[in-house]
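As written, the chain order gives the labels A, B, C and D, with residue 1 at the start of each chain.
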C-alpha cells in the first residue's frame, strides 16, 4: 500500500487523518527499511519480525512473471505451481535460482527470485566477514549440502587444472568429504595425521613431500578441514597455505560448521593472507545457521575464481536453501547471530567442565584437544569389553540414543572401513593408531544449557551401567 | 488421536457416544488410508486434501529426533531450526534426505524424513510406470535440477567406465544439457542432427561411425534428448539403443519434460526393451509436476545401476524437492495427474490449430514436426529485416514478453555461440543450417485454454506490427 | 515495495532494467488495484488470489498500532498477541472492530482494522444489492450468529419503542429464532401459519387482528422469516409490510440463508418499497457465504436506523467474521459468487427431480411447496410405525447420518416441545396440524451434484429398508 | 499415525526397527499427552509447541462432519468453507460452538468443535482457580467482548428477576460497561464514588440506601468493577457482597482485566465466600490472555446459574475466541502464564518508581492509589492552560500518541458527557468532583521493561515541552 492509497482509504472510509498519518508513517518506515536493505545489502543490526520477512518475500514474488496479473505462458517452464500448499511454502517463488550458465546470474522471468538470491549471497558475505574472515571477497549459496558442494569446487578445479589427477586429503573420517573427491573423479591421496599428546594434527611434512613426489600440476588441490570431531584438531591452514603457495597448488577448505567458531574463522582469514588465489572454503548452511539440511556456502578471496565455480554449475537450482537462510538471517539480525555464537562459546566451556567431572567420576579422561574449538572426547577405557572387539563399547552409543541423546559418537578403534577400494583402520578416529576407545560430544550453535544437563546425567547413568568396577587407571587416548 | 482418546474425550466432556462413534470411524478411516499408502506405495486414485497431506507431514516430522520430546542433542548436526517461519515451511522436517553414502539411504535420526523420501520415490516410480514406462525398475528424486542431475549420472558413468573420455551428444541447443558434460569433466562430441522436411532428426549414421572411430570404451555414454524445442524431434531412442547395445555403450536420456507426453514415455519404454543395462533417463520435477525448480528424477531399467548413481552422491541433500513432489502427487492423485496430461494433449492440438491460423493470416507457416509432441514453430520469414542481422526478428521476443507473453523463443538463425571453446552456428535452432527465422511455443502441462487465447491474440498484434506488406511467399523453414 | 525500491534493487544487485521495469509494472498494477478497491468499495468482478488477499491483510495490519515499529504501550489493551500461531491466523490484526459506542466506528489505534471493517461492510452492501435488494441503504457485519443478531435488533427496537412488550412471530420451528425474542426480554406472540395445499403460508389475517387486539405501540415488531424448511414457505413479506406500515409497526426479517436465493431477495426488495422505515433484515454469514459460523449481517433501507442498531452494541467485537467474509468475497469476486448462486439454483431443480423419483419408487410424494426456493420435503407415510409414536420414522434421520448424510430433518408430527414455558405441537413442522411424517432436504449454496447423487442413493437404500410392502397409497401431507 | 502404521512403514520401506521403535515411542508419548489432557482437563505445566497444538486442532477438525471422507450434506448449514485461506485459519473447524439452546452444548455434527469448546472452558476454569478464585465452580467463553457479555448476563438476570428495572452501577467511566446496561434495557442507577485521599472508593452507604429506596426486587443486580483506571480503586466487592446478600440482590462484577492481578482475584474469591448465589464475574479474553479482541469469560460460584446464562444465548457462535484462547493457554502452560503474571507485577513497581521520578522532576505527583493494582495516575497541574478549558492538557495525549506511546489517558476534569440522556461531569475520571488534570498509565500483562523505558523518556520530553516554568507547588489530585 502506498501513502496515497492510505490517504484514499482515509477519506473514502471516514477514517480520521490522525490515524491515517500514523499509518502512513508506519508505511514509509517500512519502505525505508526495504530501501536500506537493498542499498546496504548488510544484515540489519536487529532482526525483523516473521511477518515483515514474509511480507517482503511476498513482495519479491510479485516481481516474478508467474505472479504477473495477465501473464500467459507458452513455454515449457513457466513456474506453474499446482498445489496451493506448495505455493505457500515457497511464498509464490517458483523459478529457482541461477540460469543455465551461472548459479549467480539473474533470471529473465524472475526479478524477484533473482533479487532474493543476490541479496542472500550479499548478507552471507556480510556475516562471513563479521565472523572474522574480513578479507573474504565473494561467496554464494549453492543448494547442495557440503559434500556435493565440495565436488562442485573440485569439478571447477578440474577445468582450472586439466592435468590434475590427485587430491591431497588431510585425513578426516567423514565419509561425505572423502566421497566428494571420488565423485569428482579424482584419486584421493591420504595424508595421515600426526599425534601430539592427545591431539591429532596436520602432517605438513608429508604434504610437502607428496607434492614433490607427485608434481604440483598433477594435484588438483589440498583438501583440508577445520571443524571436526575431537581428538582431531582443525588443520593447520596457515602451514598448508605456505606450502600450497610455494608449489602453486590451491587449497580447498572443508569449513563445514566452522562459521560458528571464531577460531576456525581466524584460521581461514590468516590462510587468505598467505594464499588467496583459487583458495576456496566451503561451509554448511544447516550446521552454521540452524536451517534444514540442503545448502552450502562457497567462499573465497578471489572474486573471479568464485565466479568460475558458480559458472561450473549447469542449470538452475532450488531457491529453498537461499530462502531458508534469508529468513533466518533476517530474523536473527547480526546481534542475534553474534549472541548465538557467544552462547555457543560459553556452552563449550560448560560442556568441558561437566564432561570432565563425569569422566573423572568414572575413572576416565577428557582428552586435551585445544586445537578443536567445538568437539571434545572422553575416554572409554574402563568399559568392560569381554571379546576385545569393542561391542560393549559401541553399545554405549545406542544406549544413549535410546535415552534421547543424539549426536554422540563412540569410537572403538576397531573399525576397519573400505570406501570404493580404499582402506582405513580405526575408521572414525581419523588415525590408524587409535587404541583407546572414546566418545565425542560437541557444543554446536543452537545447543542449550538444558541439553548439556540432560546429556551429562544420562551419560553418567549409562557409564555407571557399563563400567568395570573402578580401579586406578592412567588412560592414554588414541 | 486414537479411538481410545476419542472415547475418553466423549465420556470426560459429555459428548454423546453417537458423535464419538462417528469421529472414531473417521479416525479409523484416516489410519486405514495411511496404512494403505505405506503398504501399497502407489499414488491414490483420488487426491488428498491439503489438510490431510499436511497432517501426514506433521506426523512424519514427529518421527524425527529433532521433534522428540525430551531429546538432547550433543552433535554438530541436530536439525535445530531457529526460525519458526522456516520450521513451518518444512513442516518440522529438517534432516534432509540421504546420508553420506547414499541419497536413498535411511537416516539414523530421521525415520520420518526417510519415510517421506522413500515413499516419494515409490510414488514417482508408480507415476512413471502409469505414464507409459511400464518396465521402469527404479528411480529417485535428486534435489538438483536436470542439468546437475545429468552431471551426477555422468560422474557415476565415469566410475563405471574409468577409461571413457567422451560423451556423444545428439545436439540439443540447451545450454544446461551441454554444460552438464563439461561440468562432469568429459569432452563432448557433437552429433549434428539431420533435416527431414521441416523436422530435425537423430543422425544414427554419424553416431555409429563416431563410436567406431573413437572406440566404445572411450565413450562414457550417448546423451540423447526427448522433449525439446521444435523443429527438433525427440531423438530416435530406439535407433540409438540398438547401436548402443551393439557397442555396449550406455545411453543417457535427457527426458527433461517428457513425463507429460505419452509419446516421449513410449519411446523410453521401447528403448528399455532393447537396452536396459546402465540406461538412464532423467527428468525435471518442476516441468513435469508443476512444482518450483529444484529437483530431478533419475530413473532406469536396472535397479543396481540406479543404486550406483544414488551412491555416487556424497552426503545429504535438501528434502524440499521431494516434499514438493510428495505434496503435489498426493494432492493430484493418479486421476488428477492423468487429467492434466490429457488436457495438455488436447491443448497441444488447440495451440497448433490457432497458431496455424495466425501464421496463415500473416503469410507464414506452422512447421511440420510430427516428432515433437510438445513444442511447435512458426516461421517469421516475412518480418522486415533491414540489416539482415535479424535484429527486428529477435525483437519480437521482447515485444511479446513486454505484452505479458512468456516462454516463446525467437530463432534468427544468426546466433554464433561459443561455450567453453566449442563453437555453434545458428545457436538455439539445434542445427548449423537454419536459414529461416522462426518462433517456438509449447503446450506444456498446466497450460490453460486462456493462455492460448491471450498468446495468439498478442502474437497477432505483434506480427501485424512487424510484418512487411503481404506478398505471395512459399516458405521453406530451416 | 515501491517502484523506487525496485529501481534501487535493480542497480544495486545488477538486475537488468528490462526485468525491473516489468516488476515495477506489476507493482504499480497492484497499487492501482488497491486504490480502486478503496475508492469503489465494490466487489471486484474477478476474485483475487489468496496471496494477494493475504498481502493486503498484512498491509492493513501494518496500519495498526500494535504493529508500529517503536511503539510502546502503557494501556490495558494494546493488542499484544502472545502466540505466533494466533498472530498469524489473524494476520497481525488484533484490535477487533468497533469501539465502545458503535460497532461501525473507527478505532483510534487501529486504522487497518477499521479499514477492513468498513470495507467489508461496503462489499457486503454491494453483494446484497447485486443479489436483488437494490434499495438496501446500509448494512454491517455483526460478529454474532443470526440468533444473537436478531436479539441485538430487538434490543435496539426496545429503545425505539419503549412501551413495547410483544413480538409478533410468524411461527418458524427454529429454536434460535424463537429464543432471540426471549433473550431480548420480549413476550412472543405466536402467529400460526395457514396450510394451502401442501404448503404453509403466512397468516395475514391473524397478524392484523393481533395488532388490533394488543395495540400497535405494545408491539416491538413483527418477526418474519424467508429461508426455512419446507413445507413452510417464505413469509409473505409484502403482505406483512402493508399491514405493518398501516399500523406503524416495524418488520424484522429473519433472512437467515436467503441471500443465496433470488426469490428471497426479491421479496425483501418488494417489502422495502412498501415499508422502509425501521425495517431490518438479518442474515447469516456462514450460510450465505460459506464461512465458519460466527457472523450475521444486519441490513435495512434506512441508514439512520441501521446506525442506531450498530450503536446499541456495547463495546468492541471480534474481527474474525468480517475477516472471513472479506477473504471469501474477495476470493470469489462478484462473478464467482453469482456462479455459486446460479449453480445452487440448478442443483435445486436436480434435487427435486431426483427426490421425486425416489419418492415415487417408494410410494411417497414430494410435497408441492413453490413458495420455498431452497428446502423440499418428501412424505414418509409408508414407513412401518408399529407403536404409532414415530420411533421408526425418526430413526431414518440417524440411519442417514450414520451413512454419511448430514442435513436432513425427519418430522414425525409427534413432537411436543416446551420452550421456556411456551408449548408447541408437532415441533419442527411449523404447524400444530401436521399428520403425515416427512423428511426435508435442502439445496443450499456450496452443494455439489455429487452430494445429491450420494444422498439419493443412500436415501433409497434406507427407505427400502424401512418401508412397508408397497401398496397403492394416495398421500396427503401435513 | 498409529504404532501399527509405523511398524508397517518400517518393514515396507526398509527402515530399521531401531528407528521405528523410537518413532513409535514418540508417537505413544504424543497419544499419552492427548489422553492426559482430555482426562485431566487442566492446563499442562509446560506449554506445548505450536506444531503440537496445530496438529491437535487438525485432529479435532477431523472429528467434524464437514471433514468426514464421503460425507454428503443436504442441509442448509453444512460448514462448507469456500476459501482455503479461511479454512486454514480455522484449522478446518467451521461449525462454531454451541447450539440453539445453549452456548455450551455439544453440536450434533461437530464432535471436534464441541471438544475444543468444552476443553477450553475447562482449561480456563483451571486458570481462574490457579490465579486465586479457588471456589469458582464454572465458567464459559462467550464469543463477544466484555461489554456484550455483561449484557448477556443482564439479560439472564432479567429472566431470573422478571420485576427488576434497575441496575445499581458503581460508577466506572468506561462507556462499554455503562452501555451494557442500556443495551439490556435496564435503567442504570449511578452510585457515585467517594474520595479517600487521592483514591476513589465504593460508596457502600449509598448502595445500601438505594436498595432500600428502590426495593430489592426492582433491582436486577449491583454492577461493580475491579480493574479500572486510577485513581479509582477496585470496588469493595466484599462490602458490596454483604449488602447484596442481605438484600438478596445479585452482584455482577466487571473484572475486565483482573485475572492478571492477584489482588482482583483475591477480592473475587472473598466475595464468593459471602455471596455465591447468582454472583457472576466477567472478564475479557484479550486483556487477560493476550489474544485478539473478541471474547469474554463468564464465571461464577454456582454451576446452575452459569448454565442458565449460557442457555440464554440464542444459537451458535464463533469458535474463534475459544480457539485463540486454547492455543494461547496450551502454548503458555501454567508456568508460562504465571511467569507473565509475575513479570507484570514487578513491572508495575518499576513503572511506579520511574513515573514517580518523572513526576517529581516536573513538579507533579504520582497519586496514592493502593487499591488499584494495575493503573496509576500522575498529576498534570503545572501544564500551561491559558483558556482554562484544558486544551493544552488534553493535547498531551495526542503528543504522546504521535511519539509512539499508546494507552495513556489524559483527564482534564472538564469533560461533560451525555450517554443516551444521562449526564456525567468530569467524564473519564469516575468522579464529578475532579479538579486537577492527570494522566494514567497501566502495567498490564505482556508489557515489557522496554515499553516502560520508552514511555518514560517520551513523557519526560513532552512534559518538558508543555510545562510552565517550575515553581513550588503542592498538588492535590482529583
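The rule we apply is simple: contacts are C-beta pairs under 8 Å (C-beta built on N, C-alpha and C of every residue); 3 or more make two chains touch, one makes a residue touch a chain.
Which chain is which protein? Per UniProt: A, B, C, D = O-phosphoseryl-tRNA(Sec) selenium transferase.
Quick caveat, the model's predicted, so the values are computed rather than measured.
Undergrad: Does A-D or A-B have the larger number of C-beta pairs in contact?
TA: Between the chain pairs A-D and A-B, A-B carries more contacts.
Undergrad: Name the chain whose C-alpha centroid is most distant from the C-alpha centroid of chain C.
TA: A
Undergrad: State, to the nearest whole Å, the distance from the C-alpha centre of chain A to the C-alpha centre of chain D.
TA: 48
Undergrad: With centres defined as the mean C-alpha position, give me the chain A-chain B separation in Å.
TA: 30
Undergrad: Listing for chain B: what residues touch at least two other chains?
TA: Expected reply: 22, 50, 54, 65, 68, 84, 108-109, 401.
Undergrad: Can you tell me which positions in chain A touch chain B when the two form their complex?
TA: Touching chain B from chain A are residues 50, 53-54, 65, 68, 70-86, 89-90, 93-97, 100-101, 108-109, 143-148, 150-151, 155, 158-159, 174-180, 182-185, 227, 256-257, 284, 286-287, 289-295, 312-321, 324, 327-328, 331-332, 340, 351, 374-375, 401, 404-409, 420, 441-447, 450-452, 454-455, 458.
Undergrad: Hey, which residues of chain A end up touching chain C in the complex?
TA: Going through chain A, the ones touching chain C are 1-2, 4-6, 8-10, 12-16, 19-20, 22-23, 25-27, 29-31, 34-35, 38-39, 41, 50-51, 54-56, 58-63, 65, 67-69, 84, 87-88, 92, 106, 108, 110-112, 114-115, 118-119, 122.
Undergrad: Inside the complex, what are the residues of chain A that reach chain D?
TA: 18, 22, 84, 398, 401-402
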